[in-house]
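Next up is a structure, given as structure tokens.
Labels run A, B, C and D following the written order; every chain starts at residue 1.
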Amino acid sequence: MHVALSGITVRFGALTAVDDVSLAITPGEIHAIVGENGAGKSTLMNALFGLVEPAAGAISIDGTVRRWTSPRGAIAAGLGMVHQHFMLQEEMTVLENIVLCSEPVGRFGFVDFAAAHRRLKESADSHGIVIGLDRVVGDLSVGERQVVEILKVLYCEAEVLILDEPTSVLTPQEKDRLFAILKSFRAAGKAIVLITHKLDEVMEIADRVSVMRGGRLIASGRRAETSKEEIARGIIGGELPAARQRRPRAPGEVVLSVDKLVAAGRGMAVGPITLSMRAGEIVGIAGVSGNGQAELVQALTGLRPSISGAITLCGVRIEALDVERRRQAGMSYIPEDRQRVGLALGATVAENANAGRDDRAAFSRGPFLNRAAMTRFARSLIERYRIRVGGASARASTMSGGNKQKLVVGRELARATPLVIAENPTWGVDIGAIDFIHGELMRMRDEGHAVLLVSTELDEILALSDRILVMYAGRLAGEVARDEASRERIGEMMTSRAVDALPEVA
Amino acid sequence: ADKLFVYVSPDAIGVNAFLQMGKTGIEAAGKEYGADVKTYESKTAAERLDNVNAAINEGANVVVLLGFEFNDIVKEVAPTAPDTQFLIVDQCIDERPDNVHCAVFREYEASYLMGVAAGMLTESKKVGVVGALDIPFLHRYTDGYAQGVKSVAPDVSVDIRWVGGENPFADPVRAKEQAVAMHAAGSDLIFTATSGGDYGVFEAAKENNFKVFSVDVNHCPELPGHIIDMTLKRVDTAMVEAVGAIEKGEKKTMVSLGLKEGGMGAMALDDAALATSQCEIAKHPEVVEKVRSVAKSIEDGSLKLEDPMFAK
Amino acid sequence: MLELLFDSSFAASVPRFVTPILLAALGGALCERAGVFNIALEGFMLTGAFAAVLGAYFSGSPYLGALAAMLAGIAMGLVFAEFNLRRGGDPIVVSIAVNILAAGLTAFLLRAIFHVTGAFNDPAIAGFEPVHIPLVASIPYVGRLLSGQSILFYVAIIAVPALHVFFARHRLGLRMRAAGENPAALEAGGVSPSRVQLWALIGCGAFCGLAGAQLSIANVNLFVENMSAGRGWIAVVAVLLSRGRPLPLFLIAVVFGMVDSLSFRVQGFGLPQQFTDMMPYLATLVVLVGLSWWRRRQSV
Amino acid sequence: MNSGLKGLLRGELTSWVGAAASIAVVLFVLMVLAGAPFGEALSGFVDGAFGGRRFSYLLTTLSRTALIVGMAISVMLSFRAGLFNIGGEGQLVAGGLVAALVAIMLPGPPLVVLFLSIFAAMAAGALWALLSGVLQLYLGVPLLVGSLLLNYPIRYIGSYLVAHPFRDVQSGMVQSHLVPQATWLPYFPGTRLDIGILFIAVASVFAIIYSHTTVHGYHARLNGLSPDFARAVGLPVNKLALQTLAMSGAIAGLVGAIAVFGIHHRYIDGMLVQPLYAWTGIIAVLLVGMIPWLVPLSGFFFAAIQTGAAGMERTADVPKEIALVMQAVIILFVASRVSGALLASSGRKASGGGDA
């Protein structure tokens, strides 16, 4: 099935998210789309899939122009999409998730689960996928959920498959298995669109590459005819930043030591965990998300009560203190979820910038706020971190994701505490912003702060960490020194003793 | 007409027979003395105050206030509006200014009679009474009734319960439930003084097949075979009378109406009405006889009843 | 004393208290599962109670009364949908407004149509007669419980498992659960969550309408302003506690109904009426505290 | 800060006109249903809200405004802090009840008694609000539900106290004795409007200053906008919540005291509940999307609707219940666009997050 997009334009108010993009999707090909955050990749695909309505342009399938205003039409036409964020019902079973929206119904609208079961089995078998259909999705691992998403698409007998950043949450092994399935699809003559930020993956699997920037299609061509560097230049619209120089540095004294810490987790306890950090080092914690990293960070920051164990920060026992006093003891925290935890989106930039400062006297006069001082501080952050925003009194919600993240990072690093905890600090931000944030974390290290970097991005961990700890099933599965670290080694530890999340492909 | 009478009700009138009589009364008085009439219904303490103020503001000559809810308001407002006459029905205040008049009833005399009939008719040796809310005024019904029961049958016990809840004076659902519970607890005759809740008690009587006494107006035809008798309260006649006195220029009129004055009554006392009333008591001539003789002794003063409202 | 408390009329009265709460809560469960935060059950129910009287009075049939109640409940559901789903109003704000609207509109129409305030009662209002089930009726205690109730009680009882099956196996039920849990996923599958939520509100309106009908033409035959008297809020609590699961919801509604019914009976022991009036609310709080304590224990 | 207002003024004008037209249509239909003479109804409304001999109806409106605005201010402080406290009614009752009882029982010079009673009323309101806070924070009962349920016990406790131990038996009603006459709030000279409205004015000014200029108000608002954020940056969220609730409850208690000393001069069962002061306060806040300085205006607006409807009933026989319908319809059309984020801030739903 050939799909052709011509002249697609999507606007959100004044913003033109997708600007006159034309693209062809051919059967039996994997077509990678790359570009910065906000380049319009998701929006373009959402337009193809009927989730947003384009202001201009046409979609044609096998030569005939088609229009739809909801995914219903797109699905009927044979399109399937695996979204950037899982579109699953955690409380439902795998089978319920898969049939949802295209349920085979019998009498009075009751769902014929038996028929669905039969039909699904056939298509899953043909691509060698096995998964327990009666399991509740909430209990599945990330990789398994990805499979459910793919089965959903298969079940609808899609001929064109769109995957929006499917690998960002997978371990290397899981990624390999996913790619194997995609290859099997390609062999079956389906057309596949793959959106990703990871150029290695593009080089590995794509047949064709399209680069988007600022809503426009910059380039499109066969993968074989281009190079990783060329694609990267296309993405950022200029030269790549120079590789970071890493200054050797002897670690100083112990800043944080955690002794047999146990915290409550979902279903089971996390820990016991023992670790220690010294001044001037970045300790990376790698692991597939959901293996207790979040609980560990929350237990360290005081957002979650610890069940037992001791935490010592700069010589002070802090496990019994509340968040505020732990922060005063010398801790800053860059949370993963900038929308809810990192910022109060309804408040202004200045209000966000000043929250959580210990030097209260600097922005208040007695019980009253010193608005001028607050604004001054916010302006200094905006300048220093090159945050693109209307001004100190603009609402935080008006910033883009990358700028939001810069504000959070700026606010926390400005406190210059001995310990910085950064949780997926570059999640979903573009290359430019990633580079900047990485630079800041390195600067902190070089200035002698201890940085605990928790990230699901292996590349990030590898690029920054002096030591790497791997978390698996609520515990530390092992430690690797920087020099001995490799993707494979860590990837194995991330899934050590793991039940195979993704089934082997026949 | 250039005269205006305003009737301010303390609560929503709805199916409340007592408050309905106030409306009939003000209309009768208006006709009698050639005045326009208006009815302001109140639902809350604040609205009562607002309505009385509005009546003065609209230039009412006579403001009729039904119920004890208006005492504070009259005390405060009447002295500031000397040209307006206030008639409080059901209640009176101390140290009245000249323009405040009262018409009160001795309800306990009539409920005593209901008690007498209940004491004679009960088979289970247990009778009940439901009041809207545990307030002194309603003890005129409940206590009067209980005293009546004890006077003829000291061994009969009286179960007293209250509707309560969000809407004590207009909650048939709760009233019904109280009656059902009381019946289940053994009472075979139940006296209902629950205003808007009376219909709930009637429903209960119909479903569970027991008999009731009611208040204010003749309900027997609505529920034939289940209502024995009721206390009758002639608010309308009292109102016309009192307004007449005010119109004559009397100051500080005070009328107290009981069995003797004909302000209170019972179906059993009225020979002519009893025949067509469809009330159960007509089937028990010996009870009618006894009720009448007790009524006589109350009227002539040989039986003295204390007002339960002021009893401890 | 216990036997006074649990006499057979207690058995007979429990369903009367359970039915309105249960019916309203079942409606609430539809919304809860479909992700509509509807705490306007009180208003839906009150509207239903009024419409039931209106329908029963003019048609002379309690069934048409109940139908009118359902339609009125649905109308309120549509109002809710218009302002919450379509105009994007905050559901709590819309709920508060709908509750006030119901109180005002019923009181207003009471005067505009029947020319009375406070309450309307008329022999022409055709109420439901109790349904006597031949064999069951003769079983001692259970007979009073299960036989001789209004038809709406049986409707409510049947609706509990029916709703359970509906959520588990029906297409719309499945979609409602999806709309409640992850509406974006539903949307991505081509089904409009707000369409599904609209159906939930319609169903909720119908159930709450019936709950109102139970109050006004099954328990008694009349309408009183504000006659729902907080029962809708108790139903809301039942929905929140059960998270819209029909079976736990049933149990909670029964507990609340029993406490409500019991509170009448303990007045017989001389407890001041004000304290018995408090019982349902305190019981609700106690259940809430107990349940959250239990959940916290479970989660550790 | 006041983007709600900017939204009100900016663009969108046609849709505002549309909303106004819709409200008018609904009211028109109702008027026709009631068979009301239109002109009379309108003049009755205006007169009832703002007119009367020597503006007596306007004064009635102002007197009601005081209570509604007081409750609105109380609710606003909670709402802005993300605390969905709809237990204002219970806090109001607690205040009124305690004010009356203290004033009756406490001997001493009237002015001292008055101020101690008011203080006690504020403490009582605060305590009742704190109770719902404790239920939420330590016992896991959501504030929305807990605060609502707590409205009922206090109402019945009040009812019991004035029906039994503190009943004014002579009066025949369920009410307390009168508070000493010397403690009654005086009227403005030549009017029947008591000076309680001055207390409310002070409370309003306090609330506005507090919301915009204090550190505590800033922290409370951050907590309201995003509780997770507030926790993560180390704000003492529980303490903030309890303090804010206490403040909110204290103002509700103050309103109760004003109703006692200014209007009824005693505690009458139901006097603070039946007129729906607390609920009207809530919708007055919702109408203006929790913008502090607009709250007094919207409180006045709703008071005028209520007294205006009463006037309409007197002159044109339109049932005054139409006031409730008007309020509801206005809230539906207006607040459904101004205040979007209540639910999100009440923490019911994990926010949709979005792609970031």
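By definition in this document, a contact is a pair of C-beta atoms (placed from the backbone, for glycine too) under 8 Å apart; a residue touches a chain by one contact, two chains touch by 3 or more.
Fair warning: this is a prediction, and the values are worked out from it, not measured in the lab.
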Joint neighbours of chain B and chain A, given as chain labels: C, D
Chain pair, most C-beta pairs within the contact cut-off: C-D
For chain A paired with chain D, centre-to-centre distance based on mean C-alpha positions, whole Å: 45
Chain C-chain D separation of Cα centroids, rounded to whole Å: 28
Inter-chain centre distance, chain B versus chain C - centres from mean C-alpha coordinates, in Å: 36
Residues of chain B engaged with two or more neighbouring chains: 43, 133-134
Junction residues of chain A - those touching two or more other chains: 85
Multi-partner residues of chain D (at least 2 other chains): 163, 341
Chain-chain contacts as defined at top: A-C, A-D, B-C, B-D, C-D
Of all residues in chain C, those that touch chain B in their complex: 4, 7-10, 12-13, 16, 116-121, 123, 130, 215, 219-222, 224-227, 229-230, 261, 264-265, 267-268, 272-274, 276-277
Residue numbers on chain C that touch chain A, as the complex places them: 169-172, 174-175, 177-178, 181-182, 184-192, 299-300
Complex contacts: residues of chain B adjacent to chain C: 11-16, 41, 43, 133-134, 159, 161-162, 164-167, 170-174, 176-178, 180-185, 196, 199-200, 203, 207-208, 222
Complex contacts: residues of chain B adjacent to chain D: 38, 40, 43-47, 49-51, 53-54, 57-58, 68-69, 71-72, 91, 133-137, 309-310
List of chain D residues in touch with chain A within their complex: 1, 3, 213-216, 218, 221-222, 225-226, 228-236, 341, 350-351, 353-356
